[in-house]
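Starting off with a structure, shown below.
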Amino acid sequence: MSAKIPVAVLAATGSVGQRFVSLLDGHPFFEVTALTASDRSVGRPYGEACRWLLAEPMPAWARGLTVLPTTPENLGVQIAFSALPADVAREVEPCFAQAGIWVCSNASAFRREEDVPLLLPEVNPEHIELLTFQQQRRGWSGGILTNPNCASTGLTVALKALQQSFGLKRVLVATLQAASGAGYPGVPSMDLLDNLVPYIPGEEEKLEWEARKMLGQFTPEGVRYDEVALSAQVNRVPVVDGHTACVWLETTQPASPEQAAAALRAYRAPALAADLPFTPRPPLLVREEADRPQPRLDRNSGGGMTTVVGRVRADALLGLRMVILSHNTIRGAAGGSIYNAELLVKTGRVKLPLSGAVSML
Amino acid sequence: MSAKIPVAVLAATGSVGQRFVSLLDGHPFFEVTALTASDRSVGRPYGEACRWLLAEPMPAWARGLTVLPTTPENLGVQIAFSALPADVAREVEPCFAQAGIWVCSNASAFRREEDVPLLLPEVNPEHIELLTFQQQRRGWSGGILTNPNCASTGLTVALKALQQSFGLKRVLVATLQAASGAGYPGVPSMDLLDNLVPYIPGEEEKLEWEARKMLGQFTPEGVRYDEVALSAQVNRVPVVDGHTACVWLETTQPASPEQAAAALRAYRAPALAADLPFTPRPPLLVREEADRPQPRLDRNSGGGMTTVVGRVRADALLGLRMVILSHNTIRGAAGGSIYNAELLVKTGRVKLPLSGAVSML
Amino acid sequence: MSAKIPVAVLAATGSVGQRFVSLLDGHPFFEVTALTASDRSVGRPYGEACRWLLAEPMPAWARGLTVLPTTPENLGVQIAFSALPADVAREVEPCFAQAGIWVCSNASAFRREEDVPLLLPEVNPEHIELLTFQQQRRGWSGGILTNPNCASTGLTVALKALQQSFGLKRVLVATLQAASGAGYPGVPSMDLLDNLVPYIPGEEEKLEWEARKMLGQFTPEGVRYDEVALSAQVNRVPVVDGHTACVWLETTQPASPEQAAAALRAYRAPALAADLPFTPRPPLLVREEADRPQPRLDRNSGGGMTTVVGRVRADALLGLRMVILSHNTIRGAAGGSIYNAELLVKTGRVKLPLSGAVSML
Amino acid sequence: MSAKIPVAVLAATGSVGQRFVSLLDGHPFFEVTALTASDRSVGRPYGEACRWLLAEPMPAWARGLTVLPTTPENLGVQIAFSALPADVAREVEPCFAQAGIWVCSNASAFRREEDVPLLLPEVNPEHIELLTFQQQRRGWSGGILTNPNCASTGLTVALKALQQSFGLKRVLVATLQAASGAGYPGVPSMDLLDNLVPYIPGEEEKLEWEARKMLGQFTPEGVRYDEVALSAQVNRVPVVDGHTACVWLETTQPASPEQAAAALRAYRAPALAADLPFTPRPPLLVREEADRPQPRLDRNSGGGMTTVVGRVRADALLGLRMVILSHNTIRGAAGGSIYNAELLVKTGRVKLPLSGAVSML
């Protein structure tokens, strides 16, 4: 009998699904026992059905797993990592939750529901308690928990540190987002050769509300959104991985760049989420060089889980300016969902099979 | 005898110098009779001394011109287009002005001097009258006039249209700047493959004051800077040509996106600069598509002289948001200096040799 | 009454179709009076139906043309430029030919048929006489003539010059092909950011037989393929436009690099095709620099119709090595079809409406 | 006392030097105790003197090491890894060898000397015995051993497997080489945005002789070069890491693609080099997909030490065609030198301090 928790990856053949498979390889809590995909792939070995697009090789154990349909029946798992597109997620994820499975979803479908936690464990782990409300309200024995949009992720981690120290009033952000954020095939190469696209459908809206929910205050019946006002402009740029954001910030208490940098550096994940396998170490890395962070050089900080901040400087208009970088397919997608799942274990919602392993927590 | 005004290009072998040579090919007013460069190139035919980097072929007439040293003696020109680096420009350009030559400079060296016009003819052609003050004060028979930094250019043209209609209070701008802005060899390819750099030395400062001078009010002894407050964050991105800017704007009078777009569309260059060969036609082009402007698709609008604006939309924090694109080596560099030189002709400071040609004005 | 020949562009909203519309703007012989596309676009103005992707603006006359279905009825044109995909072309192009229309096709569907000319007018204009055989055999009053694959084009022009001077035995070619060759959306950006793909389906086969047909000898019932043996390896690289080819050559008569370069430089289009509007001037440009041709710098030589050759040097194994560059969407696609259509006019198959215009020939 | 062999990295602040520092982190045999660089950096902590350009963070132990001048005096090391430029290497490396230090050099300066081994341990480990000849002839107590040019590396590994099974007559190779091969700043971004450069100074010559030395037969007084004839054409393409080569091959004994692929797959490093820490596992990986290898997806195979081959197919002209990929800064540079140094240990020229560690061999 395995000492690990059996998990599934939904939509495992797509680009986020592949990142789940790769990041879950050797995970101390979880063992992938089921991979699902669309009808075209069902019944084929994953190694054949999946056009693998990561630089890291496909784990050997995944190669031979037979691809299953995306239904909860007979999956035999306690957790399902969902890389489903939003429209499919809306239909399918509740079926899994009803069947007693915890869905750690990367999809946007349920992020905004009042009883669904939108989680960055190093920011708002206490929001996971919304799951109790969710189960009561919906009569589910499992549940759905979500991670935010890839561009909201790094931004929100940095905002949390500043909110906690100084309070936040207004935030303006211009993003330079990597191609991998659009999946595969995603953005045509003709759009990103000697070019960039100053538009991503729906993205600015997500940037403008998601941080407010995550920075908000937990109550048993929902989250009181933080009152910080955000405005975003987004761009797709010719970079493989790593979303960069130029941010202007107005804090409630005035903060010098040195104070802001110190607050960012000092920030630690709340105790509940501080010692999990995917806890970013550190959550925030502040670089001193004038020309950092840069996506190719900094995105893999902390195994891709650390948010990197640089160019923290004064601003005559709003008070502070800085540049924030986050790995969009690790911290901003699959890695974030896995960190969320670890919080399910930490809070006792999912139990490790062998008592010995509990000591890992 | 030629019907055109003899002109020189200073630092003609560099990337901006090459653009001057290319754009001056067939110009109705000007004929390039002298090309200067550093000692290494002096005495060699331009066709050999210059490693030509433009997609357009080197004009045949340039190929055989012997490269001269960058000194005003015996040049026999009335106008010198300067592509000199700032430190050299500071030493050399005054010698030309003293020798009776008009220096249309792309360098930053003198932009901030109170008696030196910083000109975008479609924005502030009346500032050219500072040259009278400059000649009196310095005892020069020629003079120096400058065009702004390539990233300030498109921004300022759009701001002018909005200032005129609504007044301006605050402007925040995040730029995504093309590699050609750094010249050649410029940015190493390792910095722009799967990467971007959120820093360009000195660039943010230029963006924050140059527009204020150009939007300011002319007085015979200098310009009263406009009081608009600007804050900039700049990025170098993997694009060949074309600077993109994401801009937030607070106007004095409230303006809806529709009103702003209408004001941008309706804007025309002041009469003094409205009918010159390099007048952008139109000065501002407003695109309706959600995903435009894009550098590869829009930078050549109006022969690279038109500023392209898109995504004009409301902003909950400052009022307006938009994206502005400008060709950095045409409108933002060599083309801008040439347009300035045309204004010298228009204002009678330089005369066309044959009376017939005057009718072109 | 127009002094020009009415023409249609089939599949006008795609990337090659757009290039046709752009290159036909202001053509001295042809006037585009019909644009066709798939059902989704039929009935809409071209300016709305088409997501224009070229840097050159859409011609004003095209904007208002109503998109028509791709059928020959009531089109009222004498020539149809076909940007259809191969499978559709196979069904549809014969209907146009039967209806008396000349189809200048960029599709691969009929290139290999023995009665269909595969034409590069500066190489084998006499092959156009296959159209007589084609009309007799198929009972058509119009006909189909084709241009080769974009990667075969520049190669074949250079090979022709060398074949004529020295004879050809063996040719090996490794290509580095631009993204635009795959159309839009074409290659995903994730495949061409920090990457290249050493494979293009079906491309190597085309490179290995197409040149042999074009270099072959015309007979009234078909072409006797040249016996040169070709072997190709192809790559897709992160370049917008311009296919580069590294070529090894074994000639029948030995040729030094100097002799080869001289033969390339001296080559002129046969008289029949030497003075048409799209005749490349010159057909072959030989560059001396060690590091040329380069796609961004050289692809627009001769308006994108000239084939550029460089690095002509000795090879210990086969005799000669060189690098060949050709603009894949101009000379290698739409521009090639237009040049072919000009040959229809030149050979009297299509007549200019006004006698005066004939003198243009 | 350390259980490891003290080593130095010469020119440690450059891009290859950084790769040495990164790859030597945690090496079981070697401990970096000295880092040298040019005068500008001498005396400063490495963490300050070095502009670190790798995505992997700088090892903590390196940060505080004081940069030393590049002279053998008082270095206290047994091995020096040289990332020196060729002209400096020619002067400096012999001083180290004379001082009793083994120089594992990535520079081209001594590769061609008859008494200097040019080594790929999985190909020709027996050539290391030239060091005995070298020491006798030059009176050195240390010595110089070299690894080949980055573009020769993968090619030669694949050729060795085929030579061994079928014999080799002729090889033609067209390369698509990554930007990192030119170091930093290296290639200007303007040369690799929407562009490629079909030229690298001196590179084709290296490709044409280096493989012949490595595939040659060892004799105590030198290597009898293999008689295979090679011809190369090289290109610089917009890829960060990973050199791709399209190769045509004529073997002495005929080989089908299946036989060739089988020989490549079956190839193992000779016993002497088969079990070292940097032994590529496997030396050659053959991929079946039609569109592989691709640099971004395959360059890290075997930790960047494995050569990846794909598209093994028949060729009508020479017999075989294939595509070969190798990580140019790992297998093709720093990783290769380290593997060579391990062979010094394996052959007893350098001894591990503690007897226990010898069992690692």
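Order of writing sets the labels: A, B, C and D. Residues in every chain begin at 1.
Quick note on the criterion: a residue touches a chain if its C-beta (ideal position, glycine included) is under 8 Å from a C-beta of that chain, and two chains touch if they have at least 3 such contacts.
Please read all numbers here as calculations on a predicted model, not as lab measurements.
Set side by side, the interfaces A-B and B-D show unequal numbers of C-beta pairs in contact, with more at A-B. Taking the CA centroid of chain B as reference, the farthest chain centroid is that of D.
Chain A and chain B have centres, each the mean of its CA atoms, that are 44 Å apart.
Separating the CA-averaged centres of chain B and chain D is a span of 48 Å. Residue positions of chain D touching 2 or more other chains, listed in rising order: 53, 191, 193-194, 238-240, 296-297.
By the touch rule above, chain C contacts chain A in their complex via residues 15, 53, 179-180, 184-194, 238-240. Across the complex, chain D is touched by residues 170, 172, 174, 176, 191, 193-199, 201, 229, 231, 233, 235, 237-240, 244, 246, 248, 290-297, 310-311, 315-318, 321, 323 of chain C. Listing the residues of chain B that touch chain C in their complex gives 53-57, 193-194, 240, 296-297, 299-301.
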